[in-house]
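Paired with subunit B in one complex and with subunit C in the other, subunit A is shared by the two complexes that follow.
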Partner chain A sequence: MQEWIDIVLRTLALFFTVLVSARLLGKRNIARITPFNFMSYIIISVIAALISVKIITNITLGFIALGIWVVLPIAFDYLALKSKFIHDIVNGKKTILIKHGKVMEESLLKLRLSGEELLRELRSKNAYNLADVEFALMEANGEINVLLKADKKPVTPHDLGNKVAPATEPQTVILDGNPLNGPLSSLGFNQGWLNSKLESMGVSIDNVFIGQVDSSGDLYLDLFDDSIMTPQPKVKEMIYANIEKCHADLMKFSLETQDEGAKAMYRKNVDKLKELKEKLEPYLLR
Partner chain B sequence: MTVGTQMQQAIAGVQSAAATMKTFALETQDQQAKQTFQQIAKNLDDALEQLKGRQQYIEQQEPQYRQL
Partner chain C sequence: MTVASQVKQTISSLKGVQGTLRIYSNQTRDQETKTVFDEALNVTDDVIKDMEKRLQTLEFEEPQYKGN
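Then we have the complex of A and B:
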């Protein structure tokens, strides 16, 4: 057999083998793998390259080596799921770098991490001031994670005592001028709804690059023609303003009427509406 | 009609006007008009706060105005 045909066949075979084994090894983020995983990936690729260009001439032996390097990490991953001991051996352990705001110098020495490097990592986590850091640790993959002191943490609605409406992920329903049926139906809408919405905004679907629907059913559009101004969705604010107006109107009626029965009725409904307004405020305004 | 009731009437009127301005601001497509409406709504909201403060003061001074 001619040499080049041999190389072509080997390369084709390995191309698909490597493709399949990469799928089998999972889709962990390549930048966040542990050193051992990194090495096993490199070894797999080197073996594949060596077989492909015929430096390893015996194809069977090459595939056996490749197979072991693919199967063993997968096997250890499964074992690591079952046993904490094996997990620590395979993935390594986390190391605590800062505890109660104090730097653990021995851990830094063990990791061969200089103070300058530690500060750089902290800065990349937005902790410029060492005094703000309560706790920091190095994960098994070398990433440093930081817990800020309780009074330096970003404020959340919970801290402010505010109630906010639950929000789920928005769905993209139009892409490149084409309606996407899957996301639409998962929201419980259909094309008819989309068409009527677009019509009320005065936009044709061919002109829409991206259209997203958020969890409250508002449609946001980005058009190809950026000179056209689309009305931004304000449905919720509108409902709230209307409730506010009804509340004020009922209040006015209750003060103006001479009939005691009607006055009491208006009063009752004012209170009801006020209660409703307070209940709905987090959902409609925030 | 007592001063307290008159006060309440005034508050309800301002509240209603502010809500109307807000709906106008949300409905209009004209950016300038939108801004004007929002400004008016804000002014009315400020006035509303002041009126409510005044009403509280009146109720404190003259508790009989509390009930309608």
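Then we have the complex of A and C:
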């Protein structure tokens, strides 16, 4: 057999073997794997390359080595799922770098991490000031994660005592001018609903690049023609404004009327609408 | 504008609010939000009923302005 045919056959076989083993090894982010995983990936690729260009002449032996390097990491991954001990051996342990706002110098020494590097990593987590950091640790894959002090954390609606309406993920219902039936039916809508929405916005579906429906059922559109301004959904704000107006109207009636019974009735309803306004505010405005 | 027609206007805008709330209560996917909107529908319903009763009295008192 001519040598080049040999090389072509080997390379083709390895191409598909490596493709399959890469799938088997999982879809972990390559930038965030542990050092051991990184080495096993490199060894697999080097063995594959060596077989492919015939530096390893015996193809059977080459494939045996390759197989072991593919199977063993997978086997250990499964074992690590079952046992914490094996997990720590395979993946390593996290190391605490800052505790109660104090840097653990021994841990830094063990990791051979200089103060400069620690500060750089903290900055990349938006903690420019060491005084703001309550706790920091290095994960087994080398990533440093930071917990800021309670008074330096970003404010959430919970901190402000505000109630916000629950929001689920939006669904994309139009892409490139085509309605997507799967997401539409998962929302409980159909094309008729979509068409009536588009009609009320005065937009043709051919002109829509992306259309998304949020959890309250409002449709947001991005058009191919950017010079057209689409009316953004403001219906909820309108309802709120209308309730506010009715509230003011009732207050006026209650002040104007001479009839005591009617006054009491208006007062009662003013209170009801006020309560309603407060209750609906998170759902309509936030 | 007479009081009766002002009350009528308020009733119709409340009914508009109710209609839109009903649409939202039907198309929202979140159960909690749905409950809140449904409760809001009940409250507006009560208010509208009271106002309509008042409107009837007003129209009875001032029949010459009825229908304005």
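Note that the second predicted complex is superposed on the first by the 278 of 286 C-alpha atoms of A that agree within 3 Å, B and C clash if a C-alpha of one lies under 4 Å from a C-alpha of the other, contacts with A are read in each partner's own complex, and residues count from 1 in each chain.
We adopt the following convention: a contact is a pair of C-beta atoms (placed from the backbone, for glycine too) under 8 Å apart; a residue touches a chain by one contact, two chains touch by 3 or more.
What you are looking at is a predicted structure, and each value in this text was computed from that prediction instead of being measured.
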| item | value |
| --- | --- |
| Fit or clash between subunit C and subunit B when superposed on subunit A | fit |
| Touched partner set for A:273, first subunit B, second subunit C, both or neither | second |
| Which of subunit B and subunit C A:152 touches, first, second, both or neither | neither |
| Touched partner set for A:234, first subunit B, second subunit C, both or neither | first |
| For subunit A as apex, the angle formed with subunit B and subunit C - C-alpha centres, to the nearest 10 degrees | 30 |
| Subunit B or subunit C, by number of subunit A residues touched | C |
| First (subunit B), second (subunit C), both or neither touched by A:245 | both |
| Which superposed partner A:99 touches (first subunit B, second subunit C, both, neither) | neither |
| Partner chain(s) touched by A:256 [first = subunit B, second = subunit C, both, neither] | both |
| Overlay on chain A, subunit C to subunit B nearest C-alpha distance, Å | 10 |
| Subunit C-contacting residues of subunit A that also contact subunit B | 238, 242, 245, 249, 256 |
| Subunit A-touching residues of subunit B, taken from the complex the two chains share | 5, 8-9, 11-13, 15-16, 18-20, 22-23, 26-27, 29, 68 |
| Subunit A-touching residues of subunit C, taken from the complex the two chains share | 3, 6-7, 9-10, 13-14, 16-17, 20-21, 23-24, 27-30, 32-33, 36-37, 39-40, 43-44, 46-47, 50-51, 53-54, 57 |
| Footprint of subunit B on subunit A - complex, ascending | 229, 231, 234, 237-238, 241-242, 244-245, 247-249, 251-252, 254-256, 263, 267 |
| Touching residues on subunit A, where the partner in the complex is subunit C | 165-168, 187-189, 215-217, 235-236, 238-239, 242-243, 245-246, 249-250, 253, 256-257, 262, 265-266, 268-269, 272-273, 275-276, 279-280, 283 |
